[in-house]
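Dropping the structure in here first, questions after.
Naming follows writing order (A, B, C and D), and every chain is counted from residue 1.
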Amino acid sequence: MNGNRFGRLFQVTTYGESHGPGMGVVVSGVPAGLDLSAADVQHELDRRKPGQSTMTTSRDEPDAVTIESGLQDGVTTGTPIGMTIQNRDAQSEKYEPFVTAPRPSHGDFTYSAKFGTRNWGGGGRSSARETANWVAAGAIATKVLASQGIEIAAHVNQIDDIRAPPVDFEQIEAHTDDNEVRCAHPETAERMRERVEEYQREGDSIGGSVYFEARGVPRGLGAPRFESVEARLGQGMMAIPASTAFEFGLGREAREYTGSERNDEWGFDDAGDPTPVENDHGGVQGGITTGEPIYGEVTLHAPTSIPKEQETVDWETGEPKTVQVTGRHDPVLPPRAVPVVESVLALTLVDFMLLSGRINPDRLDGQVGEYDTDYHPENPRRNE
Amino acid sequence: MNGNRFGRLFQVTTYGESHGPGMGVVVSGVPAGLDLSAADVQHELDRRKPGQSTMTTSRDEPDAVTIESGLQDGVTTGTPIGMTIQNRDAQSEKYEPFVTAPRPSHGDFTYSAKFGTRNWGGGGRSSARETANWVAAGAIATKVLASQGIEIAAHVNQIDDIRAPPVDFEQIEAHTDDNEVRCAHPETAERMRERVEEYQREGDSIGGSVYFEARGVPRGLGAPRFESVEARLGQGMMAIPASTAFEFGLGREAREYTGSERNDEWGFDDAGDPTPVENDHGGVQGGITTGEPIYGEVTLHAPTSIPKEQETVDWETGEPKTVQVTGRHDPVLPPRAVPVVESVLALTLVDFMLLSGRINPDRLDGQVGEYDTDYHPENPRRNE
Amino acid sequence: MNGNRFGRLFQVTTYGESHGPGMGVVVSGVPAGLDLSAADVQHELDRRKPGQSTMTTSRDEPDAVTIESGLQDGVTTGTPIGMTIQNRDAQSEKYEPFVTAPRPSHGDFTYSAKFGTRNWGGGGRSSARETANWVAAGAIATKVLASQGIEIAAHVNQIDDIRAPPVDFEQIEAHTDDNEVRCAHPETAERMRERVEEYQREGDSIGGSVYFEARGVPRGLGAPRFESVEARLGQGMMAIPASTAFEFGLGREAREYTGSERNDEWGFDDAGDPTPVENDHGGVQGGITTGEPIYGEVTLHAPTSIPKEQETVDWETGEPKTVQVTGRHDPVLPPRAVPVVESVLALTLVDFMLLSGRINPDRLDGQVGEYDTDYHPENPRRNE
Amino acid sequence: MNGNRFGRLFQVTTYGESHGPGMGVVVSGVPAGLDLSAADVQHELDRRKPGQSTMTTSRDEPDAVTIESGLQDGVTTGTPIGMTIQNRDAQSEKYEPFVTAPRPSHGDFTYSAKFGTRNWGGGGRSSARETANWVAAGAIATKVLASQGIEIAAHVNQIDDIRAPPVDFEQIEAHTDDNEVRCAHPETAERMRERVEEYQREGDSIGGSVYFEARGVPRGLGAPRFESVEARLGQGMMAIPASTAFEFGLGREAREYTGSERNDEWGFDDAGDPTPVENDHGGVQGGITTGEPIYGEVTLHAPTSIPKEQETVDWETGEPKTVQVTGRHDPVLPPRAVPVVESVLALTLVDFMLLSGRINPDRLDGQVGEYDTDYHPENPRRNE
């Protein structure tokens, strides 16, 4: 399996290389009746695209998306949505030195070892550029979730050893994009920016992490065991290029908590339904949601493309070789990874909403055929 | 699930409507090392495209395909191949009368009943036009199979009550495209052509069938039970628009055969391996191939779009309505369905070849990295 | 893939050989809140089990099922239901002659060619005995469907060239089990019985077919393309051991129908909804249901195990060999296949019901927690 | 989807509740030709089973496994292997207080919220007891991997704030089971044991973690993107009950590493193939293996079942309620989780081996039919 698919009922299928003619994504399972335009998707792509700041590669890519199918008069029809993005500013010649001399900690060698060949320009299929497809699909998922009252947000909560204090969800939603580091805590953002620039000056790069949170997730979503909410998030978040750790709820810190400290006791909410009085469990128990916020963190290692000289070998010549990766690269990944993490979260949650039959079509903003609204008042979904 | 996916390791994912901006298909699992160009795919698309003859719709569509990804220097890399086809000659206005007044035996009503809306131009997602995606994917599958010594052919063996006599595989391979009916038996083809024209003059249409056969399929391919060769072919062939029957081997006639008549006894082939002395079993026993040719038939009902007046109802007005389907339509489906049937057969068999690890990379014609050929002499596949 | 799985949300997974210690099936996706007992399942198993009549193998197997999981106080919980059936009356020694000398048209050779070995007693995994698992799962699917107003029935409509006239659904439901041939038309059943006995006396066997029908299926069920109702039925029905043809609606006869003959015009039903005035389309258009009955036929070839002498070869000795299959075998398959065909139909339809979110939990007969009924009045399913 | 399935070609399907009649697992995709006995599986189950020490629940369960299918003369046949485990020592009455009063941080409420009912004895489906199925399947995966030269080991590397120093792989393999804490560093193990006993005396519990490592994994295994090695491990490890963090390679610490520190430069191995000179990348680059050891950590929170008094609510009475979980429970999870973590690692890697066609049947220890060895000398697998 090529690893280009994600989701069970909300199905994402991607293609494309960093320097190929184009990239694209097919999204199946989008409920019918959602207002959708290319602008909705473009807005999220613009948050991920290169050339945004001194902190991102200067590659000049508009990442302009076209919606090829799945709409009627600007409303989704429930059939597959095909989206395409053309590549513009490829400069493959810069990668020729690495065709048979793998860059340290890149996929150059492993792709060739697996497939016997590879598209080598710009890292080909292994390029993080391909996550543009994820963000395009995630934008649709996010819009579906928003129509159902589910909100998603993420921000950069650590770079190197600089860690942001806890920040309210509303603050994250409102201010993540205020600065180029995408940290919703301004003072910390400024310190992070300075730290990144130091490494950048040294021709080096640095790691960091992204905190994510979802609110308004209904109770009873998810599944036991291998399809638990955290298991599906674990797959998706670890699939993000450069991801080295996924933490859910208390995450790694749970090692040092006792049962009595971590256990969340039960009370009643205003509606008289059981609700946990605290949320150390991250909104999921037994793999299924409690209705409390879902949260966690993803660690992203330092970009492997650095101007510093590094040693490698050339498998053609059989000789050692010193290389410098002088392409256009980010000095730190979390700022541009924020929309990618949000997309994985949105894709995972909308998939569970479909599996639970919880999408309420009356809350989708699009207008569907008069006929239908007469016909299935009771039918909760039109998306399978 | 949207029904836009086929295959387990050789994975096809499609999108697109008859009158939308464009259609496309993503093919995952193509082995690395296959020479592939758009021309290879275009050749098969041209066999399916409209406007070929008096017997096909006059819609003017070049069906020009672009390969967006998955290649390096004209050789497959083992990563997903994205292909796109733009729509050109859409004339949606002709379909306005049917927006809320479903054409008889079309998907107009059922799509609206399921999704609450639909892309109605040209039949939208339900249009047979979408099978262009299948043929594009099938062209790649066919090329992979050919490299492994597996040949595929199909022709029209019945229209109305005119049935072709049995025809040799070589004859089918060589002569199916000699006439516009795509029947490899010339005399029968001529009679079929006349019969179709009679119905066409009456503003009517007629049904028929396609015979398919595969040669060179290795023994031991397939799986028991739900993944048997005939089960997977059954899904794929019945998914073809207008398909009403799938017959495998003796097919329906097996009802009137005794065990002693139908059973195929065993002998030895030249290599001293067991081989059936006859092939009433269609090349598969217990769901797994014997090495004998795989063959069967697919029935396609008459095109439902006919100029004759027909009665329907308008669910908006609540009134009956008389309609004429005056679009550009085929009077009979099998001639253009031949490449679609071949594609389903090829997609199914290449999938089993991958599942069996039977693809021999040394027989793929493309040149892969020198490194690899040194590195995995024993590695049977580069395609997972 | 081993071919032991069927279904997308209503997931069946089977194991077991004809002469192994035991067989079993895991059923996932069963909605919570269904009253279920082993007796419900046993009733259907008894219709398939051997030793029912002179027309079935005399192997003495109670096929007693145990439900191992998925219940609380006799009501389904929505978690996987594991069922086990122990084998009792295995007589493997009768199969020793065939270990390296394959029986004609059996899976003996193909299993060994694929796997390099096989469980050879009683045909091992390729034995039709394994369909007991399908029937056990189908019994649950049928009960879920019945709670939603969907009825399923099948009967033997042809053996050799003896074909039953059309029979009403109610007649099929009520009288299929009245005779050992399982033909709901008594006079035809008697002629079929005599014909089968003739072949049996000659040490031979004969083919036939099963007609199936489903009523009460809601509109808008199914999916386009590869997941169409007929495509999924095509996979399931062709997976039945000895199945050589699947016909849907008019089936093979559609070859000789014109568009104007076959097209089903639209009218209004009593509720004022569009409904086809005829049903040549078999209840499905564009892969999605119209609300009309779903019907079709499955052809089953003659049993390959016959007492008559047959020629084969021994791959160990390299010599030809004359064999007689003197085990206990059925002279004709359709009578015992009726519950298997019904099970495949039920499993396919319940899967589409889940995918459409159409299961109404209030119609399930079991009692679920008071808490829940207060909690999700709007939630249509508890089964994902 | 019920969350009871794991794996793509090596497919595991489970059923069973803590207090139901029995549990079981079906394993598909096991290569033919492996010597396998119940004893092989029992050995691993005994490492996970309760009642091993003062540090594990005193529930008396032999967890005796029966292999129901998939063997011929003690050798796997390539067909599904069904295994069953009967429950013996269920004491459901102890759980009656919690039927409508959920235990803090258990799945009691969420299962009822999702399914509307649940099997409540012993936690039902949400009980960690169900991981016995995973270990049974993992035992087969581990044996297949061992035949191919792939070794797996895990041990407890942290409890509370007590962290073991790095330990050699050989030490882990040889000494993990030497003590009841399953920490391969004896001095640390002793400190951990004392710490756990302190919490146990207080009626409390504590968290910890498990370190895992795999050696001998060939290069070029895995896939890009959503099917990367770390993504699949992320799903599997996060699916383990009580898992709150998955770290791969440097894991969370990568946040504070620069690119130049973390990047692994390339050299040549003795065979002249490129190999990383360090392994901060954890054996995977671009989702695909480099041939270096695969390693990481899983965090498990403290057991939620504690004798201390806790507050909850009863949704029937609408009243608060004080509960004590006086069942038989572990004070810490990692010691018994070690075989579970090893199983997830083995199941994930064997699945990739199958997908890569890398299983060498000649290295499987079982004897397969003489015929086959003559027949497919070139066929690399018999397992699809």
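Keep this in mind: a residue touches a chain if its C-beta (ideal position, glycine included) is under 8 Å from a C-beta of that chain, and two chains touch if they have at least 3 such contacts.
By chain, UniProt protein names: A, B, C, D = Chorismate synthase.
Treat the numbers as computed from the prediction; the structure is a model and nothing was measured.
Undergrad: Mind listing the chains that sit against chain A (Chorismate synthase) and also against chain C (Chorismate synthase)?
TA: The shared contacts of chain A (Chorismate synthase) and chain C (Chorismate synthase), listed by label, come to B, D.
Undergrad: Between chain C (Chorismate synthase) and chain D (Chorismate synthase), two touching copies, which fits better, same or different residues at the interface, with half of the numbers shared as the threshold?
TA: Counting shared over all numbers used gives more than one half: same.
Undergrad: Count the touching C-beta pairs: is A-B or B-D ahead?
TA: Ranking A-B and B-D by C-beta contacts puts A-B first.
Undergrad: What angle of turn lays chain A (Chorismate synthase) on top of chain D (Chorismate synthase) when you fit their CA atoms, given in steps of 5 degrees?
TA: An angle of 180 degrees brings one copy onto the other.
Undergrad: How many Å are there between the centre of chain A (Chorismate synthase) and the centre of chain D (Chorismate synthase), using C-alpha atoms for each centre?
TA: Result: the chain centres lie 27 Å from each other.
Undergrad: Between chain A (Chorismate synthase) and chain B (Chorismate synthase), what's the gap in Å when you average each chain's C-alpha atoms?
TA: 36
Undergrad: For chain B (Chorismate synthase) and chain D (Chorismate synthase), what's the span in angstrom between their mean Cα positions?
TA: That gives a centre separation of 43 Å.
Undergrad: Where in chain D (Chorismate synthase) do residues touch at least two different other chains?
TA: 1-2, 4-5, 9, 14, 79, 111, 113-115, 125, 220, 223-224, 273, 315, 355-356, 375-376, 384
Undergrad: Which positions of chain B (Chorismate synthase) touch chain C (Chorismate synthase) when the two form their complex?
TA: 1-6, 8, 14, 101-102, 104-111, 113-115, 125-126, 130, 158-161, 199, 204-209, 219-228, 230-239, 243-252, 254-268, 272-274, 276, 280-282, 284-290, 299-306, 308, 310-313, 315, 318, 320, 355-356
Undergrad: Name, in rising order, each residue of chain A (Chorismate synthase) that touches chain B (Chorismate synthase) in their complex.
TA: It is residues 1-2, 4-5, 9, 11, 13-17, 20-24, 26, 28-29, 32-33, 66-72, 75, 77-82, 84, 100, 111-120, 124-125, 315-316, 361, 368-373, 375-376, 382-384 of chain A (Chorismate synthase) that touch chain B (Chorismate synthase).
Undergrad: Mind pulling up the chain C (Chorismate synthase) residues that touch chain A (Chorismate synthase) in the complex?
TA: Listed in rising order, the residues of chain C (Chorismate synthase) that touch chain A (Chorismate synthase) are 9, 79, 220, 223-224, 273, 355-358, 375-376, 378-381, 384.
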